[in-house]
Amino acid sequence: MNTFGNLFRLTSFGESHGEAIGGVIDGCPAGIALDMTFIQRELDRRKPGQSDITTSRKEADKVAFLSGIFEGKTTGAPIGFTVHNTNQHSSDYDNLKEVYRPSHADYTYQTKYGIRDHRGGGRSSARETVARVVAGAVAKLALKKLKIEIRAYTSQIGDIQLNTPYFELDLDQIESTPVRCPDRIVAEKMMQRIREVKAENDTIGGIISCICKGAPTGLGEPVFGKLHAALGNAMLSINAVKGFEYGLGFQSVLYKGSEINDSLYRNHEGKIASRTNYSGGIQGGISNGEDIYFRVAFKPVATVMKEQQTVNKQGLETVLFAKGRHDACVVPRAVPIVEAMAAMTMLDFCLYHKATQNFTA
Amino acid sequence: MNTFGNLFRLTSFGESHGEAIGGVIDGCPAGIALDMTFIQRELDRRKPGQSDITTSRKEADKVAFLSGIFEGKTTGAPIGFTVHNTNQHSSDYDNLKEVYRPSHADYTYQTKYGIRDHRGGGRSSARETVARVVAGAVAKLALKKLKIEIRAYTSQIGDIQLNTPYFELDLDQIESTPVRCPDRIVAEKMMQRIREVKAENDTIGGIISCICKGAPTGLGEPVFGKLHAALGNAMLSINAVKGFEYGLGFQSVLYKGSEINDSLYRNHEGKIASRTNYSGGIQGGISNGEDIYFRVAFKPVATVMKEQQTVNKQGLETVLFAKGRHDACVVPRAVPIVEAMAAMTMLDFCLYHKATQNFTA
Amino acid sequence: MNTFGNLFRLTSFGESHGEAIGGVIDGCPAGIALDMTFIQRELDRRKPGQSDITTSRKEADKVAFLSGIFEGKTTGAPIGFTVHNTNQHSSDYDNLKEVYRPSHADYTYQTKYGIRDHRGGGRSSARETVARVVAGAVAKLALKKLKIEIRAYTSQIGDIQLNTPYFELDLDQIESTPVRCPDRIVAEKMMQRIREVKAENDTIGGIISCICKGAPTGLGEPVFGKLHAALGNAMLSINAVKGFEYGLGFQSVLYKGSEINDSLYRNHEGKIASRTNYSGGIQGGISNGEDIYFRVAFKPVATVMKEQQTVNKQGLETVLFAKGRHDACVVPRAVPIVEAMAAMTMLDFCLYHKATQNFTA
Amino acid sequence: MNTFGNLFRLTSFGESHGEAIGGVIDGCPAGIALDMTFIQRELDRRKPGQSDITTSRKEADKVAFLSGIFEGKTTGAPIGFTVHNTNQHSSDYDNLKEVYRPSHADYTYQTKYGIRDHRGGGRSSARETVARVVAGAVAKLALKKLKIEIRAYTSQIGDIQLNTPYFELDLDQIESTPVRCPDRIVAEKMMQRIREVKAENDTIGGIISCICKGAPTGLGEPVFGKLHAALGNAMLSINAVKGFEYGLGFQSVLYKGSEINDSLYRNHEGKIASRTNYSGGIQGGISNGEDIYFRVAFKPVATVMKEQQTVNKQGLETVLFAKGRHDACVVPRAVPIVEAMAAMTMLDFCLYHKATQNFTA
């Protein structure tokens, strides 16, 4: 249950305060040149300590590849990699040995496994997503060869929303603010909100929007292999995610069928296309050649720097004072994680598509 | 890609206008008494022609079990079953042989497979969900032995919302109205809205809420086997679904961490429990013993009884006049489908849980 | 655990004395013309009552396809099918309700499942292989498009061996004798041996050799996806199989490395080939373009028409007198089953190969 | 395709001359105390340079665990581990950059992937089995809690056979000779044969026998999940293996059914047992509580220290002179590998068994 994907697969391992986070990327096509600068840049987008709106914790987050690469290219063999943990303050968590944090996985873990690495959440820590960003970066390099591109950005923090549709935004501006919102004015408001909440020793959530451009028509299977179900599963596997919607999503409930059907026409290249894209680029579970877009809701992280009522392992009620260096809002750092999961999903479906298309070719 | 589940699995087959819909249920524990009346009742909840707010199309929807049962009980062997299609008006679809319906899977299918059963959507038709309801009914009978119960209801049709939280509703009233909303007054409004939209030859969507009671603590895996991700994947595999959220879902974005953390306490039975349940019964991907609840958004179905602009197989623009007997709103009939998918998911996780718990027992 | 394959998959169901045997073929490429005469002929090769050396039991073994086919071609949707059981003498098995047959699965079933369909072995009956022959026939039709051909024959019955290597045999003669041995003289001896054993109310086993011609270089994965391991797994899933070997197999133990290494050279077409093929067409788990060949050992079936010591469900010792119409030797009827399992395996690997080859093509 | 197992899974990575061999063990039950001395001892049984009958190459083969362990016990989280390669003489392989070794995977790799790590066979090297021995050792520690034990030994080298049945041998003597044959006299002959072949610069194969004691009745599934098929698949995944047989295996062909049926009786403990065990402890694919035993045939390794005819990448014929430090016979070092693969398979089936047994318990 620590493997993601079918043909392109990541198996991840590691706890927040263990020796290392790492993984095995299996099924990566041979011959992909691995641009190490790009992969490290992706890790840097995720890493803590980037700006005043993230945690002050610092991690080097340097990836070491151990196999599957020869003369700079993938060989088709599995790619083993590790990212060593370097800046752990395990003692910050000593008080958690006996106490269950509210809305964390502490109690469920202890009950499920009968044993628990209490340091920093152990396996349930979002530090595990380091492995996903590495594998996602490899997937992006492969997708680039297929001219498929994935872009995510922060579209809401608390009540601060970016209402402009994605196709009216300059997505090249995403990285120009630490909050990763491409509209500079809204970004400023979002960062302001995060700073306020941080000052209150509290936390806040938000929404990430993601767009995938360049996907061919035909990715996905009609019934249990729907492309959007796989994307939903991928997103819901990210820590703190509470919801997923694609195309018009929950909004579609408010329209009539005739209002949001996507009429087909022949475009100027002579290709069949749809005039609108309320469907979100997927129809009947299968990509239709239009942009694929979806939204992912993140709750505020559970670790607040306030007193909280809870119980300890003996079931006695107690008060918890959190320690450690935590994010008041994880959404900006989750942007590359959303992209990574989307990239792995899309590549997986591209490989499956190849398997079944043009059988005798 | 037509198999759902890991240890409890449904493999489904069949097209809307083919010989039969059917499937194979694999991994069902031995010794479950199959209450055939219950299974048929579940199918009846899904079938067309139940009331004036569903399609007038009639289907017998009688299931025939072909294997895996001996003297009324499951044997551990795979359970093959078929539901024959009896009331197909294939000629209703003759005009679709050459035309791609907007927001349907016609164009994506033709492009993907190079061949397409145009009669009633073929494999992409929601008629396939008959197989899911059969397998879901079997799963429910198994879950009953574990005292796990799943209940879904319509909580929104168009703009008509049921705002009462689920724990204040009388869930035994769900089946008392054709729209499957347990609040009779809101139900009436919902049905009214469906009738209005039907009179306009249009369609409308809605939201289904689902609750799972009685799940033990410990279902789900921390990283890629999160329980809610599997539930999300299950729901997003249902036709017309555009979004999934659990617990507070998208709403959690509007709160601060301290506002929605679920404090732990020791309840009157001496068990650890949470005072609130904003988390939706799952923390860190693992069930915590509280009620699991989630919401599923359905778009209005794409088949409207109005003229629509589209293109044919040759890419020439044309106007489509839909024929056939269609639902103005599929949400009420989707309630048992949501339950079926939830039941299969929960049983699958219960079996996996058994595999890994109390190793030496 | 009733599904075989990864990309091309058969999920089978059915018991020997239930309503029907059947299955779902999933992942079959679209556009394959299904030659129904060919498929039925494959079933006829497997069916009982073909000649005096098989059981006198008669089964119609007519397959009904329920989905996944449109205008005679596969559509990419799952292919559901059933073969109804027509000639069951369940009462032949009444005495087995309480008794465990030696070397049968009766005792293991009862212990494992706590319930058992005692009629004719239930799920453990070789009647289930009807489903495999149907799926194998579909796979053969797909492989034909890739110019891959699979041929199996009886190479040993009891002590009667066919020692000629396969490449000196006229494989077109396989079907010319009921025992399916292409050498007419040896075939005659084999049939004689079967008749003798039958006259003794006993049973006898044998060996089936199988050759796959036309496979491209590159099928299979280096470590856990070795082509020969998948073929071995496929063969060992057939009832009564006790051993599998490929290339020189167990014989290779008797040679030195220098004696059985396959030297490479450039053949008259300018292609790299090997002068000998002791490896059996697979090196390092990957096909090398030479013929793939392997051997499968079948034990004598356990049902002998003699008194046997055994115990009943209460654990009391008793004497068993078998009834029913059984094969004295199943090997000739297993030839199409071996081919079917080989065909499914090869097609599965061809599809996987397509997924990973020529990534940017 | 680099993952083995379903519920207990090993995903391995690494090449013979890369940075490290390693893997991720997923699905290991929580609470297993990891005896590091035992694990290292298992690695030492496999490592080169143990005696004069193995290669003189030395490898430290020290395993480092990176996750999934807390205070000496497994936590249920995935166990990442690495074994660094320390004694690579990559230059020994410089001449192989352009040349394809006969009966090796060089040509198939180059054709399949278009790129090849030529140093020491890369991914196709048996060095990868280091990862299997680590995971197998963990599996053995878990199986020990279930009182299941696995023992393998060398039963044939070239023409030197150990004919004594396993139950008449003192299996505690296996490790007392470097060749791992428990009969000291036969062991001496085997070692003599290996030395002779080594002196000729040639190689030789052999057979490993393996016994699994203590498995409960009920492991395995009737059709595609047969226990012996999984064991066969596991064994055939080991480098140089050409054949697998269980119970009487290929020998069963020479007997009549009545001669080798295993009569059932009630033993002195009142349990149902079989008087003989020709079946090899598995009936109908399901373990019956008797000892499980099987045999695995290894061909002589392809690397001989003699001139061989072959071709280079350009397809030109050339003569190959092998370099490097190679085993004249890998069979003794393969004994722990056979055990490791058997242990992983058995544990996987035990977990699956737990999932499906005593459903309501």
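Some observations on this one:
All chains are identified by letter, namely A, B, C and D, in their written order; residue positions are counted from 1 within each chain.
Assume a residue touches a chain if its C-beta (ideal position, glycine included) is under 8 Å from a C-beta of that chain, and two chains touch if they have at least 3 such contacts.
Please read these numbers as outputs of a predicted model, since none were measured by experiment.
Across the two interfaces under comparison, A-D and C-D, the one joined by more C-beta contacts turns out to be C-D. Centroid analysis (C-alpha atoms only) places A farthest from chain C.
The distance from the centre of chain C to the centre of chain D, each centre being the mean of the chain's C-alpha atoms, comes to 26 Å. With centres set at the average Cα position, the gap from chain A to chain D is 39 Å. Residue positions of chain C touching 2 or more other chains: 1-3, 12, 27, 30-31, 76-77, 112, 123, 222, 352. Note for the complex: chain C touches chain D at residues 1-4, 12, 100, 102-105, 107-109, 111-112, 121, 123-124, 128, 156, 158-159, 197, 200, 202-207, 217-218, 220-226, 228-230, 232-233, 236-237, 239, 242-250, 252-258, 260-266, 270-272, 274-275, 278-280, 283-288, 297-304, 306, 308-311, 315-317, 352, 357. Touching chain A in their complex are the following residues of chain C: 7, 27, 29-32, 76-77, 142, 145-146, 222, 351-352, 354-356, 359-360.
Remark: chain A residues 1-3, 9, 11-15, 18-24, 26-27, 30-31, 64-68, 70-71, 73-80, 82, 112-117, 122-123 touch chain D in the complex.
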